[in-house]
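Order as written gives the chain letters A, B, C and D; numbering starts at 1 within each chain.
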Amino acid sequence: MKLYKKEKYNDLGLDTKSPSSGYRALNKDGSFNVRKENVSFFEGMNIFHSLVSMSWLQFFLVLALGYFMINLVFASLYLFIGTEHLTGIYGTTKIDQFIEAFFFSAQTITTLGYGQIAPLNLAANIVAATESLLGLLLFALATGLMYGRFSKPYATIKYSSLAVIAPYNDINGFMFRVVNPKNNQLLEVEVNVNLSLKRENSDLRDFYSLELERSKVVFFPTMWTVVHPISDKSPIYGFKSEELIAKDAEFIVVIKAFDESFSQSVYSRSSYKANEVRWGAKFTYLAKRDETGISIDVGRIDDTFEIDLNQSGS
Amino acid sequence: MKLYKKEKYNDLGLDTKSPSSGYRALNKDGSFNVRKENVSFFEGMNIFHSLVSMSWLQFFLVLALGYFMINLVFASLYLFIGTEHLTGIYGTTKIDQFIEAFFFSAQTITTLGYGQIAPLNLAANIVAATESLLGLLLFALATGLMYGRFSKPYATIKYSSLAVIAPYNDINGFMFRVVNPKNNQLLEVEVNVNLSLKRENSDLRDFYSLELERSKVVFFPTMWTVVHPISDKSPIYGFKSEELIAKDAEFIVVIKAFDESFSQSVYSRSSYKANEVRWGAKFTYLAKRDETGISIDVGRIDDTFEIDLNQSGS
Amino acid sequence: MKLYKKEKYNDLGLDTKSPSSGYRALNKDGSFNVRKENVSFFEGMNIFHSLVSMSWLQFFLVLALGYFMINLVFASLYLFIGTEHLTGIYGTTKIDQFIEAFFFSAQTITTLGYGQIAPLNLAANIVAATESLLGLLLFALATGLMYGRFSKPYATIKYSSLAVIAPYNDINGFMFRVVNPKNNQLLEVEVNVNLSLKRENSDLRDFYSLELERSKVVFFPTMWTVVHPISDKSPIYGFKSEELIAKDAEFIVVIKAFDESFSQSVYSRSSYKANEVRWGAKFTYLAKRDETGISIDVGRIDDTFEIDLNQSGS
Amino acid sequence: MKLYKKEKYNDLGLDTKSPSSGYRALNKDGSFNVRKENVSFFEGMNIFHSLVSMSWLQFFLVLALGYFMINLVFASLYLFIGTEHLTGIYGTTKIDQFIEAFFFSAQTITTLGYGQIAPLNLAANIVAATESLLGLLLFALATGLMYGRFSKPYATIKYSSLAVIAPYNDINGFMFRVVNPKNNQLLEVEVNVNLSLKRENSDLRDFYSLELERSKVVFFPTMWTVVHPISDKSPIYGFKSEELIAKDAEFIVVIKAFDESFSQSVYSRSSYKANEVRWGAKFTYLAKRDETGISIDVGRIDDTFEIDLNQSGS
């Protein structure tokens, strides 16, 4: 096996002991295959993170449920005080009074305050004044979360679903394609590709930082084919398709960029396992030029054609 | 042709294949001449980016339209339930009732709640309670967007409309001027100038990072004339005006700075094509000194006077 | 004593004069044992910092008290104007009128506005219009603070309560463990460990930057055992347990990371005093592997077992 | 004159031509003595910057005035439509009706909506619905600005009002003191000191980056005396007090730090002119130690005592 210097910077912080062969350290969507156990509920929860990361459907369900529950609680309080201390309650049964109190609560917590129902005595006034304060604070939080969800910066980078081994100059190269499908600009885009290989007859893994044709670009308006030239310094120099699979190879990609819309740094992660690498295929060139500029067909990011590999080395 | 090392850092990420000669990679306002096709609507949309980037007029039209539409929907709901279940509806025709329901909806979604119209039965109460919740959440989003639009950091750098080739010490230099016309301070201002030249008898382009007299300043309170000295190491050493045009030259400028008002990094981009370079002109010195300090006449940023170029090299 | 270069970067900014021996420069929670005196109240207060850093209980008490006080003030104003200038005030005693005015104020400042009480004359209208404006601005601030508290990024790193001296390859190492118990990801995690030792027969302290096995990782999904190898270049090479205590050693840890949820840099600090270092103990390996990935038992972060130290040097 | 390398990084971006001798490039509060002229009103305005930077008094006056003006406008609209189309207007004179319409407008724009006055016909309803929408958007903006003002990060560093020349080891040193009086922590504090000297018989200025005893500290919990050792490499080596004044010296200080409360980088600037440097004075040591830690008397930051300077060189 060839020597290949592990660069300090690229210490990935992943475990070097290898679970079963099919194991994937990094999922396609960039999440990690790690569970943390015996973390107490509150210690492990990052409520903000949870509420900002859940789907919009889940988020609205949480809000609707919270709104319903809190009105139930306050309706019960008004009923306990006695609905005779509210003007405009006409229900005669407990159920009807509860329903009217429930909607009075809804009108109070949203500070809607039609006034067709209004508090009369001290106790009802205290509850209503407290409820409107609480309402303003809770909706303050909901306001923040709505905005936090909406304005959360995230690198929306789209990866080609497969990587390829294709000819590159005199040798071959490991290649995949990325594009930013959104209409916001990413700047100072930096890509790092690391390779994890299982050692033979051992459950340890080695991590290699792969040298790239170019690892940083200032602008990222078009599609970018990231290339690792398989020179004689590459840890996969001379490999065949079967060796990648035998060594349970995983190419781990980290992309860092500056999102101009949010003026913040964003990260994107993904990985390619050995069986997601197609040998002897090349990505189709997709940029078309006309008098007004360049157009890129993003929908064809996965388009490849077959091609013979160079025989020197790999 | 002279050798000139392309620096890794300044890989621009622009396509090296050249479209028609008049093509401009970067527009004056910093946008790219690139279209992305076959991006599905939702994939390509960054709703936040769109709503924050559109003009104020467009933004208010979107809001007003949304407000109108949502009240139409809820007015229809109240009409469907029956306006007899709302107090204070006096219209006798369907149209009049619809109009009254429309404004009741407006009073509900803004949580205005005059109360001259109010819900009476269960269905009307449910719709009103839902509408007020929805209203608070939608206005929460509008609040965030208003603020996001208003507080968006952006480098408001103003460029001289032309660049010049003027004498610089014993040689000549490529120069343009920048100023921050706003009253907020930019710090740690860093400028990069890259040159794109078309290869002869080829549709490929070469990119060169241009060495600058100074490429970073700590403060930026006045006007800054950015200078690329055309030494014998410059890729345009010995060029005449016609050669710049024949090679379809484009000078691509990227400025990075720290905006003190927003405590965030901001970027500004622009470019000069060969026909936007005036040969044998020099920028007029604009700073005036008096006892209280320095004053800069920003309105005269484009002022130049004619001057003879040095003959050594260029 | 061996020479050990102090690196410029790691100048901690802590005082080199040493107070009493048991003194701790940095508390376990990362705060400093420094008080600032003769700072005027307003100069020393960072109101935003205070309101965002206090506990939720304190924060809600501040809000509730403020709400109560401001309603007291406005109730007094309405009483001063005369409650006959408000509709719907039925109280006959001053106390009853004050209570009604108090709740009218609460309905006004929250913009609830039931309308069962409403202002009639000019003075009452002016006060009510002013109060509602003030209410919107104050709740605007409360909204911001609620969100600021909720979305405040902070490195939630959990440290092992003790550090250990354990065998490391042929020599020994100073080790402690860290984990991120939260469900948000920390990236580009960088750790710095500095050692503060009291000079013999002097009240001065020396600071040393400790070399680490690895000082930066790209990902941090699992537990990380930070190791300072006690080679012959280490300032504690050849030390015994008693010497660490005699020199009043303090290991000062600073961790910097990028929090992906907030897209911001976060810092975490802690320290280990000589008596928090266990000699001849090693951390139990906690990662378990199954077909779906790795699981970490965070609750056992402090688990160690006894082990013989290597005799070379330390 | 000795040679002293100007470091590229420290190019200050200040003009090298010198106005009158008493000129100060940087004011004590960090602002620049530069005016920009012929900037059109909108081009020069950064409305957000202005509204966030003005004093609280100015800010509240702007808000109150805006609130008053907008209610005037809407009151006129209601009057134009006719107050007979509003319920609950009892005024018989135009003035009385205008006042009632004014407060109805205030109740509408704040979404207070008591309901004792309410719109009746189509026109009044349209105006009221528009006003409540406008109100929500304007208060959204005010909310954002309140929070933006409140949470604006800024380096609250306090400088000693004078700098001193005091003995430092075998030589002398230029020294000043800084402290963070606030209760939030600044981390990774980096200080740069640059010296501007007027050339003899010329109106040009030279800028020198001064080497510091320590230029970066990780923590900043106490007071920090920044020291420039006046070695034979210093541009003021061998200077006497009169030479500093004759050369119109200005020491320009830039401090960069990471504010932990805001998770953002902050900058602080100040300067010392030649007449703000006291020769032969040393800062009093202010840290007091007791069993609980260190206490710093911030109020005595300017305390100095007289001391004889070393005679080697300066």
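Everything that follows uses one rule, which is that contacts are C-beta pairs under 8 Å (C-beta built on N, C-alpha and C of every residue); 3 or more make two chains touch, one makes a residue touch a chain.
As the structure is a computational prediction, the values presented were derived from the model and not from experiment.
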item: More contacts between chains, B-D or B-C; value: B-D
item: Copy pair subunit A, subunit B: interface residue numbering same or different (half cut); value: different
item: Of all other chains, the one whose Cα centre sits farthest from subunit C; value: B
item: Subunit B and subunit C: spacing of chain centres that average the CA atoms, whole Å; value: 37
item: Whole-Å gap separating subunit B and subunit D, where each centre is the average of the chain's CA atoms; value: 26
item: Where subunit B touches two or more other chains at once, by residue number; value: 111-115, 143, 147, 264
item: Partner subunit C, residues of subunit A touching it in the complex; value: 8-15, 17, 19-20, 22-24, 32-39, 43-50, 52-53, 87, 108, 111-115, 118-119, 122, 125, 128-129, 132-133, 135-137, 140-141, 143-145, 147-148, 153, 192, 254, 262, 264-267
item: Contact footprint of subunit B on subunit C as seen in their complex; value: 111, 113-115
item: Of subunit D, residues touching subunit C in the complex; value: 63-64, 67, 71, 99, 103, 106-107, 110-116, 139, 142-143, 146-147, 150-151, 156, 158, 179, 181-185, 187, 189, 214-222, 224, 258, 260-261, 263-264, 287, 289-300
